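What follows is a pair of complexes built around chain A, which joins chain B in one and chain C in the other.
Up next is the complex of A and B:
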């Protein structure tokens, strides 16, 4: 009887995710335009990927993205969370404010930044130019496009980290914190020896998730730069999407998708191990 | 933390936290402010207050993005997804929480694994498969895709609510001769409704905001979601920023209002599972 209970979930999940995922693995060995019959071409897609300049650029950008997001949101989140722990009034309000960017659709967030901040005709950048700063739209420069998008994603993301770390720090025992303070620990010592060690599992989990998410990043880049200018902000997911739906090279797109998954999978392995330890109570 | 901090320390802490709050709110304030201004006004300064509030922007955006149609599409898609996730997810969450079947460990691991799978890993065969079956532009088909995407985390979240229900209640019901279905629907479901509400809110939020699947699978103008129609609007007239900010306000306002009233549910739901207690 209870077996019937899990059938709807499994049926939906297997037909939407598992079967198409397995088909993607098969497709990586075929040339296919999405319409006519696929042709088996062995490892040709993989060889093409190896020699593709844009693939290496995209992979490098994914690594840069991962590095940015492993450092900044986690550092800012830890700082904000620990300060929230010290203050007595305004915690709830500040948490709600920090969390707010997280609930706004990526399309909306992207357009606000593009129109109101980065836009050289009527954004904050235009205003700064009037005051003599020589600034250009970061999204239009090959050297800054990726970082321009990363700043927007960072704006939308750091508050989420702050709220998660704050929730974890609240569970650290009061006596531990107080005794450290009585012994004269300053803020940095308190962080180094009490708070960070106490919430290490949460930080580890967030770092694993950051690696996974950084290889999946799509929305902000696709909406704001489409991977441009001149592929300077291309990542693996935007590259695969373009190959499949603009160039109708579905087999090649599947091969790129496999590479994305490989990086995600390594991180996911550690994620499942941590989560399952929690599940077996 | 009940520690006496010096006044200077407290002030510095509040200043840092206020700067952080300002950073979070500043772009949102720009959206609100400029949604009421004409394009020349925005160009002269994005920070200035509007001379007279320009409510026209809202009607322009509403008509330009065909929101009267696409808001309904988004609402329908949202309701179907919430219904699917709650009905299928609560059953699975119950079975996994109470370890009713031997395979509970395998299923848990499988569901966790799918949460980390990149959408691109299954997107391409799924799209061309749906195209073959004539399911592109079909709102129900997309709600099934969302159900597959959002179920795993919903199940993990619901599982914790099922775990909190005392086992004795179930045992008592079984002694009274209740069937497994009755135990689930009469004993458990009434007790886990706060979890169901939280999951409904999060799934609703994600569905309303989702871009990649929506833009790929719902392309026809009759089936587009609000977010996608806004995306297309902002691609067309990328110079009329007053209208675009008004459109942004329209898409964001329902979510923000709901968030302010039910922030505890949102925050607990979205951060749930990340904090190891």
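Up next is the complex of A and C:
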């Protein structure tokens, strides 16, 4: 009887996750414009993907994006969380300030950076150029476009990491922290030997989630550069979107979406393994 | 007692209104993004007038934002969606019509007299496999806006040939003026305005037409020459240093203050002229883009902003036909163009009875008259967003950036473009191109 309680969740999951996922897999073997009848083409979409230079560029950009987000927000988040732990006053206010960018709508954050910071005619970059700097809009250069968008996403993201890590650090026993201090541990030693080992499962979870999120990244890139200029900031999700909704090649878009899922599944596999390991321990 | 009476009267009024509404058949229309002033104009000149003239119908317009075409495709695929279907252009209509999602309009057109009222060239663009499926909402063109005051100050005249253009652009750059005010930050497909200009004014509209019907590959010499010329302008800096950072409004602001001398862009920008040339309408000019060797001047590349169709699953096809009929009326043309220029240039055959308000900038009226003459004299070309099928056009938008930024050669760009186009042509995704 108790199994009946699973039914509502199961129904939701089947209808909004399993069926679309299976349809995506099926569509990857079809040529379909999203309007007329689909045509079965076997592995042609996969062959095309293999030889598509834009796909490889997008995949490379996804890896670069993942590397950036595995390092910077986690490092900044850990630093900010540990500082929050050390200071005694103003913690709540600082947490609110850290978290604030997360609650601003993505499109607003993106447009503010694009129009009021990066813009070479009326942004902060224009102001700095008036004082003798020779700065260019990073979004307009192929060498910097991806990093230009990553900075904006980082700005909005690191506070979330800081708050998560701070919550984890607060679970560390105060006695352990105090005794380390009494033993003469400095900040780095405290981090290295006490705090980081204590919150390791949280860090591992965040890193795995970062991999998944990085392969799903879409919003900031789509709003700020749409993958340009010259595909320099294209990632798999913007490519899939372009294929499905601009080029009406839904089958090919489904194929690239499968690649995104592949990386997500790999990350999920490691997450489950860690969870199981923790359960055993 | 008075309170009871008032309440009773209120209930009676509410019930009567509800009954009237139930007796009326709703006509649904999804529209793209429109600002509050534009929505107010549509309410006043379309909804209110339609509902007053057609008491059996109740028109509602739902503003769906910039992703209208994606929403429409999904809705029509699932058998829902609005009665009046506003597609982004003929190439989308071709696929939708062939998938049976749109109603054939031949009988309605005959009954409503659309064939006599609308320019035949544009009617033909809505025909597929011998049947009419769509009517063009607005036609637009590309040309060269220029700062007349700046030109007068420097003794410059608008160029008519590529050689004159080069001389003028060099003179502007020597004075620190950007020759081509342009940018794609707000609208990445702005790239295709430049490509459309190059293809039509340098390769020539006859060659473009041959390519569109599959008689000439896009890798042919005239197209190589056109894209090389466009690339040369980029390399020389005609588009300025901030092309990827500026949006349409900044471009117009730069043109107005003389930062840029010219702006190769479309007639929809007439909507921005009142804002940026406030009180000095005489300072802005609009001419055809200079033509290359062997191509007559001026060539106006024609575009259709969007089209009107009726959904095959429309709940109220009769009401939808009446809505479209109202769009193609002289009174609506005058009303809407008085307050919203550039977006409702409905291709009516005869505008002699249309009187626009004195507030409308004279340049808009004369430019539109010039465009109509050019179409009549076969001096028209083809904009890529109207005539190229979706995948080819999408590739063109990103691919030209690769040419400009030297990560792809002109030949490789055109080879890829041609490959995608030939596949879409074979799949019947190219709009039917009227004979010249």
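As a convention for this text, the second predicted complex is superposed on the first by the 262 of 281 C-alpha atoms of A that agree within 3 Å, B and C clash if a C-alpha of one lies under 4 Å from a C-alpha of the other, contacts with A are read in each partner's own complex, and residues count from 1 in each chain.
In the analysis below, contacts are C-beta pairs under 8 Å (C-beta built on N, C-alpha and C of every residue); 3 or more make two chains touch, one makes a residue touch a chain.
Only a predicted model underlies this, so the values are computations on that prediction, with no experimental measurement involved.
Taken together in the superposed arrangement on chain A, chain B and chain C clash.
Contact with chain B, but none with chain C, is seen for A:205 once the two complexes are overlaid on the shared chain. With both structures placed on the common chain, the touch criterion links A:249 to chain C but leaves chain B unconnected. When the two structures are aligned on the shared chain, A:142 is found in touch with chain C, with no touch to chain B. In the overlay built on the shared chain, the residue A:75 is in contact with neither chain B nor chain C.
In the superposition on chain A, A:226 makes contact with chain C only, while chain B stays out of contact range. For chain A, the partner touching the most residues, choosing from chain B and chain C, is B.
Legend: residue contacts after superposition of the two complexes on their common chain; A:34 is shown touching both chain B and chain C. Applying the stated contact rule after C-alpha superposition, one finds that A:102 touches chain B and leaves chain C untouched. By the touch criterion defined above, A:118 lies against chain C but remains apart from chain B after alignment on the C-alpha atoms of chain A. Touch criterion met: A:20 reaches chain B, while chain C stays clear of it.
In the superposition on chain A, chain A positions 34, 119, 121-122, 245 are in contact with chain B in one complex as well as with chain C in the other. For chain C in complex with chain A, the residues that touch the partner chain are 70, 73-74, 76-77, 95-96, 98-99, 101, 185, 188, 241-246, 250, 254, 390-391, 394-395, 398, 401-402, 404-405, 407-408, 429. Across the complex, chain A is touched by residues 1-3, 5, 10, 13-14, 16-17, 20-21, 23-25, 27-28, 30-31, 34, 39, 42-43, 45-47, 84, 87-89, 91-92, 94-96, 100-101, 105, 107-114, 116-129, 131, 144-145, 147-149, 151-152, 155-156, 163, 179-181, 184, 205, 208-209, 211-212, 216, 227-228, 230-231, 234, 238, 241, 244-245, 248, 251-252, 255-256, 259-260, 263, 266-267, 270-271, 273-277 of chain B. Remark: chain A residues 1-3, 5-6, 8-10, 12-13, 15-21, 23-24, 27, 34, 76, 79-80, 83-87, 90, 94-109, 111-113, 115-117, 119, 121-124, 126-127, 155, 159-160, 162-164, 167-168, 171, 174, 177-178, 181, 201-202, 205-206, 209, 212, 215-216, 218-219, 222-223, 236-237, 240-241, 244-245, 250, 253-254, 256-258, 260-261, 264-265, 267-268, 271-272, 275-276, 278-281 touch chain B in the complex.
Only residues 33-37, 114, 118-122, 136-137, 139-140, 142, 226-231, 242, 245-249 of chain A touch chain C when the two sit together in their complex.
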